[in-house]
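One chain, chain A, links the two complexes that follow: it is found with chain B in the first and with chain C in the second.
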Partner chain A sequence: MMNDSNNSDDNLSEELNSKLNIPSASYIEDISQLLSNIENGGVLGGVNNRPVRKHANQDTTSPEWFKHKKHFFIFSQSGKPIYSRYGDEVALNTFMASLSAMSSFVESQNDTLRYLVAGDFQFVFLHRPPLVLVCITKTKEPNSIIATQLEYAHSLIVSVLTQTTIKMCIEAKYDLRDLLGGTDKFIDSIIHTVDSDLSILLNSVQCLKLNSNLRNSLTNILSNHKSDQILFSILLSGNKLISLVKQKKSFQLKPQDVHVLMNSVSSTSSFKESESWIPICLPNFNDASYLHLYICYIYPDRDICILLFSAQADAFYQLSETKKAILKDIEETEGLADELKKAVQNHDYSINQTEVPHLLHFIYKCRPTQFSTYPIYSPPYSSKPEKKRLFRLYQHIVNRVNSSPQKFHKYFYHTSQHETVIVAIVGHHELYATFSPLEKKSTVFESFTLLLQWIKDNEQNLFLN
Partner chain B sequence: MNNNNKIFQFKLVLLGEAAVGKSSLVLRFVRGHFLDYQESTIGAAFLAQTVCLNDTTVKFEIWDTAGQERYHTLAPMYYRGAQAAIVVYDIRSEDSFERAIKWVKELQRQGSPNIVIALAGNKLDLAAKRRVETAEAQQYAEENGLLFMETSAKTSQNVNELFVEIAKKLPKTPTTRPGSAQTQSPPPLPTSTTIL
Partner chain C sequence: MATKKKVLLKVIILGDTGVGKTSLMNQYVNKKFSNQYKATIGADFLTKELMVDDRVVTMQIWDTAGQERFQSLGVAFYRGADCCVLVYDVNVAKTFENLDSWRDEFLIQAGPRDPDNFPFVVLGNKIDMENQRVVSQKRAASWCQSKGNIPYFETSAKEAINVEQAFQTIARNAIKLDEGLVFPIPPGFQVQPEPTPAKTTCC
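Let's look at the complex of A and B:
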């Protein structure tokens, strides 16, 4: 019932439109030619020279290629292929050229192509000059949510090269893929993550549930080792934040940057083998230049990792010393290291722990801090398709309640065959709580109030303060 | 003077084209293991390992750099002040050998004046697909005063030997070391000792 997506829902594009002063989305009416191209297959043969990548030898001549539910393509404005989620991007040259032609055609009329629908497929375009990103999907997700996913893929590329380098490279007619060597797997990984990560869906960062005294001790230790060299000190485990200290209060670390960062760290297992020193650009912090990131797993078996950012390329030895001092302080605070390791192992919680009756699942975001928390999936969300179904439902509801940024819905009640989801969006938080569709409204409201109280009572442990 | 407990610390950098096996060589040397599919390095990794010679201990602080083109401009940051460098190529790839020669030239031009450079032809276990002849590389190394060995990180052939040869060749007079950046205390990761 909620799979229709109206273009005006899209905050992003609306913003873009208002900036460019152009009418709402444009459609290409006749795409039959493109579709017949898809059906008949392209002319190029597949060249498999990267056996480590799944589906790398597919292209428009392989029937399996058309069976993938969700394709992602990245190419330059002039149509040069840069990335394809499935298949070899060079073999998909002509296909991407067709996509590029569609987008250029609309552009030539001083308009921007954002979405189009063809049969079961949605096409979502994101223009980030000099790059164009396209998702073709039959997953029935809201367009604006897919646009956000494309944004993440774009941010990832910027994080590797910086926007300045991308522009220079394209202007010089240089093949961007030469500079991106080895980045495919990070794009693959972020595309996979945005399709299941609830904290990304809420534009937030998930915090590791941790006793507040423990967290304060850790944060104090990080603060004690602040220096002019260090812009941010971060302690994390997997994709969950344990602690974060900023050199200056005014520094903003946007959820998108944090996720791009976590993606790069967690998809490189060799970071566990050594200390690493990598250049990385945080697109929302400064997309023109690199920061230098010191990475060290202080407890590799628990995935606990320390990240120190510096603007100085030669700060490595100093940051390495800082890490040693931080680690020493952690080890010397009685019980801290053990408690931390234990907490990392047992931080996941289920709805049973909330003791809220009838509750099936929830997601919560603290709006001022952009931190989120949610329980692990428990029955009836045990199988992968059930989890995915709930995720897709949340996508539609998040899209619906945020459809107009000025006038979001304060309360939202959704009931369908499988579940009831009640949403409250107030100044301080967003809460989406899921119940069985058979529950009475009064029961749902009662439980909802109890859940809010539980979160309030546990706020100190659920979030960084 | 009793040199038995004398520890000399040197900065060593690995350079070479992407996917020639720089990280594999380092991990074989430092951790003693090998992965069939080693991820490409991002930025640079820092590791340490100690080599015991007869009467001295040499501690290597190793910078394992990424081979991708986008990191090339960062390379000077890692080889600046390095007393030793291993330039790696894949014996199956002439291109990687050409790239290695370019790295050697860059080091000779811009590296520390007395830097010890070793040229390593890696993937010796795949010699059946060899494209760079031993004699050719050997001759180039001799003409340029480089140490030379063909190595296999996979079988560990010549890996420790390579580091030992470098350790032997490095001057053991710390006070006169050029571009010494060795004021740091020992590296923080647990290091093991290879006794040879």
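Let's look at the complex of A and C:
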């Protein structure tokens, strides 16, 4: 593993140099400047004094530490700590060393440790050399779903550093935490999000429900301002997509990248205050290099934000001009800005609006576009535990129907004490609809058909086309 | 807020069974010694924070099983180590003679980038049993010198002789390794210019 690492750094950096014409002296200054910016909250942080993390003082000697339901750990393959969701990672270094010894033991038998169960806890390992990510949980979620959650945490780290830098650092035995200073809160936040976000569960992106004429106007404006400088132009509000324009049709923006991006944008309050320009890596787009991201909240009070991606590090002023032009067009289109703001405020819809009888909740994914839509929770899903319970149920069902990608279930009918969930994975869509367990099958089928029709009728407004 | 550079060192302790690896570690970390012998199964992990100059250093100590039947942790055990501590018993000649193979084993498994300068430290333990001694200080010191001037300490885990000093040296030598590293910034994404700009695409 380490054998072939000798000199590879030097070769690689020379190679990169010659390709990019980076003067060698700029390396370390740039990185350390970047770091000090991060630490000072200049680029990524919102505040000068980083708030103390919750549970930061716990470790394996504190009984409270064992009471957390769901732990996340990230460490290098050699067992050096990088992140712990609860407690101080340095104080937990021997615990992580033990975890790495466990996976190393299995590795030495030419096998891979993926999960194990100990008492009430399940341990899920994700190996992403040179990093290992582990979740220890008593939430009884399917292993594959937890592995996906670990995947998101890994993507987030790659988005901050790129896979190239991670590899180089670990090979050179450099402490990754020095480069990740202040990233804890982003990891905390994505871990929190993946544990409740239905669009992530369906490997999809949620679109803002918006009148299709309105959306088309916005998309046309973004398209009119396309340029060679801009790889992607994105309009979003919170974690919902309003519009997306790509420079080339071949450019793929995977849901995972979009969520990592949304997480980084929404966990940084200072982005709301001014135009920002950050390097960010989209792991599924290209994990070896940074893109440069222009961020500006055009309507901060409505959380409406424009993101412009460029490959050029010096394109800031140009993109800032582009944003001005886009904003001008939006403002000058009769009623567009007002309608957009109104739509953002009222985009959430409840099950009542579908007028489908007996329906309690649903989630829907359009498979080719990987966009999803779902109503807000309404009674009986009012309390946090009830919402969580439905989410956990969806996790198990999603896992069941997709457990074998070649032979997924086309139809799936689940009834338990609290609800009936009917699933159809047909052609271009996945629909999971929830009813009371007391409903008759015929009623459920009838409502299911009505719901499908409603989605079809509203498709134009529910999704980007 | 400039956070002070944190240093975490992975230190591996190797040596024949019964030479006192666990006892040394216990003496260093917990200030305790027990005469009772308990074989280490697989591996044991202890941690200790110490100051080296003005830096706070956290040592992650991997205490290994000397008995062959427990040596099954594989390559990851040695991976990314910052220092390797070789321990022998000054009263048992065989444990000294085996240092060579422990050192070789480590270098093969860990594959450090600069094997000739990888920081090792040798500890000759159990010097409190002076009248039974079979390996002279001179013999041990000359072996260390022949392997590229490995620092050598004579210790007693039982009486806490030289333990603190030995680990201080271990930390200091391991830190040297991570100084003067330079990282290039990864390249920007390269876009191939397109002859004719594509028509608006959105999904």
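The rule is simple: the second predicted complex is superposed on the first by the 414 of 465 C-alpha atoms of A that agree within 3 Å, B and C clash if a C-alpha of one lies under 4 Å from a C-alpha of the other, contacts with A are read in each partner's own complex, and residues count from 1 in each chain.
Please note the rule applied: contacts are C-beta pairs under 8 Å (C-beta built on N, C-alpha and C of every residue); 3 or more make two chains touch, one makes a residue touch a chain.
As the structure is a computational prediction, the values presented were derived from the model and not from experiment.
Novice: State whether A:Leu291 touches chain B only (first), chain C only (second), both chains, or neither.
Specialist: Touch status of A:Leu291: second partner only.
Novice: Kindly classify A:Lys324 by the partners it touches after superposition: chain B alone (first), chain C alone (second), both, or neither?
Specialist: After superposing on A, A:Lys324 lies in contact with chain B but is clear of chain C.
Novice: If we overlay the two complexes on their shared chain A, which of chain B and chain C does A:Ser223 touch? Say first, second, both or neither.
Specialist: Touch partner of A:Ser223: chain C, not chain B.
Novice: What is the contact status of A:Asp314 with respect to chain B (first) and chain C (second): first, second, both, or neither?
Specialist: It touches chain B, and chain C stays clear.
Novice: Could you figure out whether chain B or chain C reaches more residues of chain A?
Specialist: So, of the two partners, C touches more residues of chain A.
Novice: Which partner chains sit in contact with A:Glu275 here, chain B, chain C, both or neither? Use first/second/both/neither.
Specialist: First partner only.
Novice: After lining up the shared chain so the two structures overlap, which partner does A:Leu464 touch, if you call chain B first and chain C second: first, second, both or neither?
Specialist: A:Leu464 sits against chain C, while chain B stays out of touch.
Novice: Quick check on the superposed pair: does A:Asp178 touch chain B, chain C, both, or neither? Answer first, second, both or neither.
Specialist: both
Novice: I'd like to know which partner A:Val90 touches here: chain B for first, chain C for second, both or neither.
Specialist: second
Novice: With both complexes superposed on chain A, which partner does A:Ser108 reach: first (chain B), second (chain C), both or neither?
Specialist: Only chain C; A:Ser108 stays clear of chain B.
Novice: Where on chain A do chain B and chain C both make contact?
Specialist: On chain A, the overlap between the chain B and chain C contacts is residues 165, 178, 181, 313.
Novice: For the complex, which residues does chain C have touching chain A?
Specialist: 1-3, 5-8, 10, 42-43, 45-47, 58, 60, 62, 72-77, 79-82, 110-113, 177-178, 181-191, 193-194, 197-198, 200-203
Novice: Using the touch definition up top, name the residues of chain A that touch chain B in the complex.
Specialist: Chain A residues touching chain B: 52, 160-161, 165, 178-182, 264, 268-271, 273-280, 293, 296, 313-314, 316-317, 320-321, 323-324, 327.
Novice: Could you list, by residue number, the parts of chain A that touch chain C in their complex?
Specialist: For this pair, the touching residues of chain A are 1-3, 5-7, 12-13, 16-17, 19-20, 22, 26-28, 30-31, 36, 39-40, 48-50, 76-81, 90-91, 93-94, 97-98, 100-101, 103-105, 107-109, 162, 164-165, 168-175, 177-178, 181, 219-220, 222-223, 226, 228, 231, 243-249, 281, 285-286, 288-292, 311-313, 369, 464-465.
Novice: Per the contact definition, I'd like the list of chain B residues that touch chain A in the complex.
Specialist: Going through chain B, the ones touching chain A are 18, 23, 27, 31, 37-47, 64, 68-71, 74, 77, 181, 184-185, 187-189.
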